[in-house]
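Chain naming follows the written order as A, B and C, and within any one chain the residues start at number 1.
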Amino acid sequence: MTTMTTVSARGTVQVENLTQIHRSGERTTHALDNISFTIPAGKFVSVVGPSGCGKSSLLMLLVGLAQSTSGELRVAGRPVAGPDPARIGVVFQEANLFPWLTARKNVEFPLMIRNMSVKERETKARDALELVGLDEFGDRYPHELSGGMRQRVSIARGIVQDPDVLMMDEPFAALDEQTRMVMGDELLRIWERTGKTVVFVTHSLTEAIYLSDHVLVLSARPGRIIDRIDIDLPRPRTFELTSSAEFIQIRNRIWEQIRTA
Amino acid sequence: MVCPTAKTTRRIIVLILLACWELLPRLGVIPSLFLPPLTLTAAALFSEFSVYWQHLLVTLQEVGAALFFACGGGILCGMLLGSSTRLRRLLLPVVSSAYAIPLVVLYPLFTAWFGIGMQSKVVFASVYGFLPTLLGAAAGIQTIDRSLMMTARSMGASPVQQIRYVLLPATMPTVLSSLRIGGALVIVGVVVSEMLTSTAGIGFLISRYRTMLDSPRVFAAILLVLMLAILFDLLVQFAERRFTGWKKNVPAKTFP
Amino acid sequence: MALFAIPDWVVRSALVVGFLAVWELGSRTGMVDPRLLPAASTVIGTALSLLETAAFRAHLWTTIAQTMAAFIIAVPVGAILGLLIAERPYASEVLKPLVFFVFSIPKSIFLPMFILAFGIGFGQKVAFGVFSAIFIMMMTAFAAVESVKREHLMVARAMGASFIQTLRSVYAPSMAPVLLEAVRLAMIFNFTGILLAEMYASRSGVGNQMGLWGQNFMIDRLLAGILIVSVLAILFNEVVRALETRLEHWR
């Protein structure tokens, strides 16, 4: 277990004794049980675990869309009280783009919510779209874009306010295998260029190991952290790496834990 | 055999039909009492235009008022019904059964209650357009992707901003298509009730000319109603293209 | 919260009973003028005694006969025309927009032309009923053809099914629910058309009677007539819907 130290760097994510119990009518579900971890600023961390272990519940807490039953959650030393897209960007499993807005207007949306001037909005949206490689597709509507492109727009929308942390909830799960690999490399490129902290929830072990500095393994419900694995594989990472002995060894170790969790 | 394109063939068919409309009664194949020649009908429309116009204004007023009640009420109730699972499960079967009732039989009741003036037409047309509008709105509201609201919330949108920037644009296609369904029915409702008992309006003209056996004028009035219905439909279609062009395919369903 | 535990049919019946009770009480206590809205019990009584008079039964029979005649013509003719058009790609491309256009224009306003052409007898009512219903039948037949999945046809062919076998095992089950829906809608349109034609100009039929009662402020009979017509329409509708659900169980 990690010991908590007060780190003041922007982009540090601190989670302390987080517990969440859902109540709906008579039924209560113990989703998360006493979770603690710290993510140093600028690191890429994945969260994996068996289906229904509360990975997504954890992410909803991290982005301020849900309230924990007890425990504390701080980003850059400040507690998270609600959605705060200027500090924490979010990308969901589905791109969730507004179908009536063009790609550019979708990226501008969080800026418009904050009443930013049109000119500033346009500049920031252009930069974000360029970063994800879609500067030429700004005027397209979501239904005119492929699944991968839609998810890129969604990433651009998540980072348009230059947040310190980017939280991603199985962002590539709805994409096909090949697009998924390409998007993984894209994400690493964006991450390396911007130096943001990334919290990446996924059910793909290969994806988690391939992308991350650290992998957090959650147990079956109620979710507890049962392992934290440092991935010391060299960067930049390439596809061949996924078939190396070391990679496979890590994957087997995590699989063993999830299977018996 | 080489076929001309579908569009050309369709145009040829329409032209042949128009030619038949003119020639068949002229040649005496169809008595012109049943089908007055196209040119006579057009002449009737132009020569009597001021009379038609005067009655059209009455009809338009009734249509406007009924549109307000039928579509306003239908869309509001439909959205309410569509957004609650419990209400939907409870009431939708009742509403669908009620849809089978031939509402025409209510009109004599409304004339007995509200007289034969504009009031009874507005009430009848409102009732006539209400249910299909409601069904359309209830079905449409269910297609809205709820995760979009959550996405807006995750970006810090206030409740007011969520309604303005997400709920309103997302419900726009539903509102417009319901308006399209309801509008067509309201126009029919008003004209039919005018035909049955009234003292003014296009439907009144249709019935008056019918009792005078003046079929060119009857047909001219019918044409005017058709143009009104088509114009209304084109207007809503224009709005649909303008406001919901982002949709892959704008549904063209006119019946539930 | 407690409301959510009550089964649907109980709440639904309660709604109907509540509606009747409010109607009855409103009229009995004089909250609404009983001359304008006679009590529910009075109306039901009137409906029952109407059904016992030979004259009214004759009118009812006229209406039902006209409706059935128009229905028997409109349903097969509409379905066959629709299927023939939808089966041929070129014919569909040419004719579907035309049929759709005719479907979407209001047909009730052509009623006076039917009177000018056919008079006000049985034939005119039937013709107008057919005219009211046939286009919805054609439109739904188009939809029925589209509901047959190309993949299913391919699977059937791959397994060596004959034409008759394909017809029975792929076309029929796919199209039946849609066609039943068409029958249901055609009946609604048809019945409405016949009643309107009777109200507009006629010497017999329920619609004609109701028009007369309306002019003479016989509101108890008027409401009784509405009740009878509604019950008939809903009954037919529910029977076809029950059939639809049975045929659609696999969806």
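We adopt the following convention: contacts are C-beta pairs under 8 Å (C-beta built on N, C-alpha and C of every residue); 3 or more make two chains touch, one makes a residue touch a chain.
The structure presented is a predicted model; accordingly, all values stated were derived computationally and were not measured.
Of all chains displayed, B has the C-alpha centre closest to the centre of the whole protein C-alpha set. For subunit B, the chain whose average C-alpha position is most distant is A. Separation between the centroids of subunit B and subunit C, computed from CA atoms only, is 19 Å. With centres taken as mean Cα positions, subunit B sits 49 Å from subunit A. Subunit A and subunit C have CA centres that are 55 Å apart. Not a single residue position of subunit A touches two or more of the other chains. Residues of subunit B in contact with at least two other chains: none. Remark: subunit B residues 3, 6, 9-10, 13-14, 31, 33-35, 86, 89-90, 93-94, 96-109, 111-113, 184, 187-188, 191-192, 195-197, 203, 206-207, 209-210, 213, 215, 218-219, 222, 225-226, 229-230, 233, 252, 254-255 touch subunit C in the complex. Within the complex formed with subunit A, the residues of subunit B that make contact are 145, 147-148, 150-157, 161, 165-166, 169-170, 172, 244, 246-248. Interface of subunit C with subunit B (complex): residues 4, 8, 11-12, 15, 36, 90, 93-95, 97-98, 100, 103-106, 108-113, 115-117, 136, 139, 184-185, 188, 191-192, 195-196, 199-200, 206-207, 210-211, 213-215, 217, 219, 222-223, 225-226, 229-230, 233-234, 236-238, 241.
Residues 63-65, 82-86, 90, 92, 94, 96, 98-101, 109-110, 112-114, 141-143, 157 of subunit A are the ones touching subunit B in the complex.
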